[in-house]
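In the two complexes below, chain A is the common chain; its partner is chain B in one and chain C in the other.
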Partner chain A sequence: MANHSQLGFQDASSPIMEELVEFHDHALMVALTICSLVLYLLTLMLMEKLSSNTVDAQEVELIWTILPAIVLILLALPSLQILYMMDEIDEPDLTLKAIGHQWYWSYEYTDFKDLSFDSYMIPTTDLPLGHFRLLEVDHRVVIPMESPIRMIITADDVLHSWAVPTLGVKTDAIPGRLNQTSFTTTRPGIFYGQCSEICGANHSFMPIVVESTPLTYFENWSSLISS
Partner chain B sequence: MLASRAFSLVGKRALSTSICLRAHGHAGVVKADDFSLPAYVDRRDVPLPEVAFVRDLSAQQKALKEKEKASWTALSADEKVELYRIKFNETYAEMKKGTNEWKTVLGGVLFFLGLTGLLLIWQKHFMYGPVPHTFSDEWLSAQTKRMLDMRINPVEGISSQWDFEKNEWKK
Partner chain C sequence: QSFKLLGFLDVQSVPCARESVLYGSVGSLVVGLGYFLATSRVRRSCDFAVGGFICTTLGYWFYCRYNLAQQRIRQRMLKEAVRNKILYEGSHFDPARKQTGNERSDS
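The block that comes next holds the complex of A and B.
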């Protein structure tokens, strides 16, 4: 989860998110360079240090066409690399379904057992001391750590979106459609997210909590919860 | 050809702007009613405007123009200045001189920022209800402890700033 005044990304908990953070740093540096140049030129113009007598400047026109093209290539290449990386589905160990409803998520683990449950937000009045307001749920999505997980996302009524920022996942939940995404958690922990598509009055109150644990604890949990 | 046409267009635009912005006290100034006629312009990058500033010379000025046809060393400093003022409206120093407009702009910006601040203070005092109970100090410290126990954001975030051995924030 984020701090109260956090502006940047949360620390990555999946390899894709690590790539996204690096790319974001790169893109932001490019943007900073361009903005600094523009600010510099603007200041020069406001101080009236630039004249307008020029009518013909073939060489500089060539440079300021080629250079932006190179900058765009430098942005596009890593972007496309990550895009294709995200679409690689490498033998997931577990497939689970997330179904968005108004206003809760339900999850189905149907690979080995017939396991399904609803996940409602814990109201602020019932929150135990020190827990996170508007983020905690009664049943978390428990998954084994360091294993590729395939998520099938859909919705029961209106549009929702299943998002967990630290895993670099955000997938729309569309009624009548199955969207697929996958991730691998690099460490154990509890990862929070919130519904990311407006879906009515309680859109802000249907969070997502993913709990990534070692395999034995996951197996423990799945046998306990299905009973 | 294109360049000189562009310049005269620019000159006419600048003249109409300079008429609006700068007061001029010389008599006999070309009134720019007809934008197809060559016009006078004060611009740092157009050093020699198409026409002289003063078109209708008084008798005294005409005499001075006659004197100008002779050797220039015979002219006094005042006469040279008068000849300049016939040809040009402003000196380069006058052209480059800034206005005090920035003070007005800055003052306006700060004033409206202050106004907005007052509005926000009024809102907080009269409009908004109390914050949720999860903002109390007790809850915040329990929450922070839970975040550290969970190792939230351990790479560069909050858990990386806590020294787990010494049980204190890293210096």
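The block that comes next holds the complex of A and C.
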């Protein structure tokens, strides 16, 4: 989860998010160089006297057409690579349905028999010491780590959005529509997210908690919870 | 506590950022000073200095990020290889065992 006053990304827990963070760093470095150039040109112009002597500027016009085109290519190539990477579907090991309701999520593991549950936020009054306020839920989404997971996301009533920043996942939950996303967790842990589409009074109080565990523990959990 | 260049680039936590900015600064000094020593034109030397900063920063950035990407790929391959070795060692799928078996059958 994010620390207080955190502005940057959370540490990546999926390969796609790692690539997104790398691309973000790359884009920021390009932005830094452009900002330095603009700052310098601004300073120069502020020191010059105003004049209308320039009538022809073919060379500089050529430069400020070609240079931005090059910059855009430098940004577009890795961006498109990641975009297509995000759409790849690696034969998933598990398919999970997430259904948004007002104001909780329900999850269905249809690969198993009778494994589905609702996930409500734990109110602050019932929160044990040391747990995270407005983020903890009564039933977490448990998934096996390092396995491709397919998420099918929809909603029961109004628009919601299933988002877990550390996994690089944010998908709208639209009533009457099934949206698909996939991810693979690279490490075990508990990953937090929150509903990301305004859905009413308790929109801020329907968090998402994904628990990534080794396969053995996942199998134990699935047998316990379905019984 | 992180230091953010121009308020947004965290040079301490972003790999290659610190080196790029440092090399860029050195490159800017070298190019700017060199041009000034050669021509004694102050305004144009400053232009070259800024150009040198941008080119050196971006140039080292791409070089460093490319190497970093290759390193990450090698790390992933190594991690997979170590895991497979542990998993398959001594079993039918162990490539070392197959190789030894072939050598024995050849001899």
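Everything that follows uses one rule, which is that the second predicted complex is superposed on the first by the 223 of 227 C-alpha atoms of A that agree within 3 Å, B and C clash if a C-alpha of one lies under 4 Å from a C-alpha of the other, contacts with A are read in each partner's own complex, and residues count from 1 in each chain.
What we mean here is this: contacts are C-beta pairs under 8 Å (C-beta built on N, C-alpha and C of every residue); 3 or more make two chains touch, one makes a residue touch a chain.
What you see is a predicted model; the values in this text were computed from it and never measured.
Undergrad: On chain A, do chain B and chain C fit together or clash when superposed?
TA: Here the two partners, once superposed via chain A, fit next to each other without clashing.
Undergrad: Have a look and say if chain B or chain C is in touch with more residues of chain A.
TA: Between chain B and chain C, B touches the greater number of residues in chain A.
Undergrad: Anyone got the angle at chain A's C-alpha centre between chain B and chain C, nearest 10 degrees?
TA: In the superposed model, the angle at chain A is 70 degrees.
Undergrad: Have a look at where A:Met1 lands relative to chain B and chain C in the superposition and call it first, second, both or neither.
TA: So A:Met1 only meets chain B here.
Undergrad: Who does A:Asp138 touch here: chain B (first), chain C (second), both, or neither?
TA: So A:Asp138 meets neither chain B nor chain C here.
Undergrad: Per the contact definition in the header, classify A:Thr124: touching chain B only (first), chain C only (second), both, or neither.
TA: Only chain B; A:Thr124 stays clear of chain C.
Undergrad: Would you sort A:Tyr40 into first (chain B), second (chain C), both or neither based on which partner it touches?
TA: second
Undergrad: Answer with first, second, both or neither: which of chain B and chain C does A:Leu32 touch in the superposed model?
TA: A:Leu32: touches chain C, not chain B.
Undergrad: After the two structures are laid over each other on chain A, how near do the C-alpha atoms of chain B and chain C get, in Å?
TA: It comes out at 7 Å between the closest C-alpha atoms.
Undergrad: Which residues of chain A are in contact with chain B in one complex and with chain C in the other?
TA: In chain A, no position sits in both the chain B and chain C interfaces.
Undergrad: Looking at the complex, which residues from chain A come into contact with chain C?
TA: Counting only chain A, the residues touching chain C are 8, 22, 25-26, 28-33, 35-37, 40.
Undergrad: Note which residues of chain A are touching chain B in the complex, please.
TA: 1, 3, 6, 10-12, 48, 51-53, 55, 124, 127, 129-133, 187, 189-190
Undergrad: Report the residues of chain B in contact with chain A in the complex, numbered from low to high.
TA: For chain B paired with chain A, touching residues are 2-3, 6, 10, 44-45, 96, 132-134, 138-139, 142-143, 145-147, 150-158.
Undergrad: Quick check on the complex: what are the chain C residues that touch chain A?
TA: 5-6, 8-10, 13-15, 17, 20, 46, 50, 53-54, 57-58, 61, 65, 69
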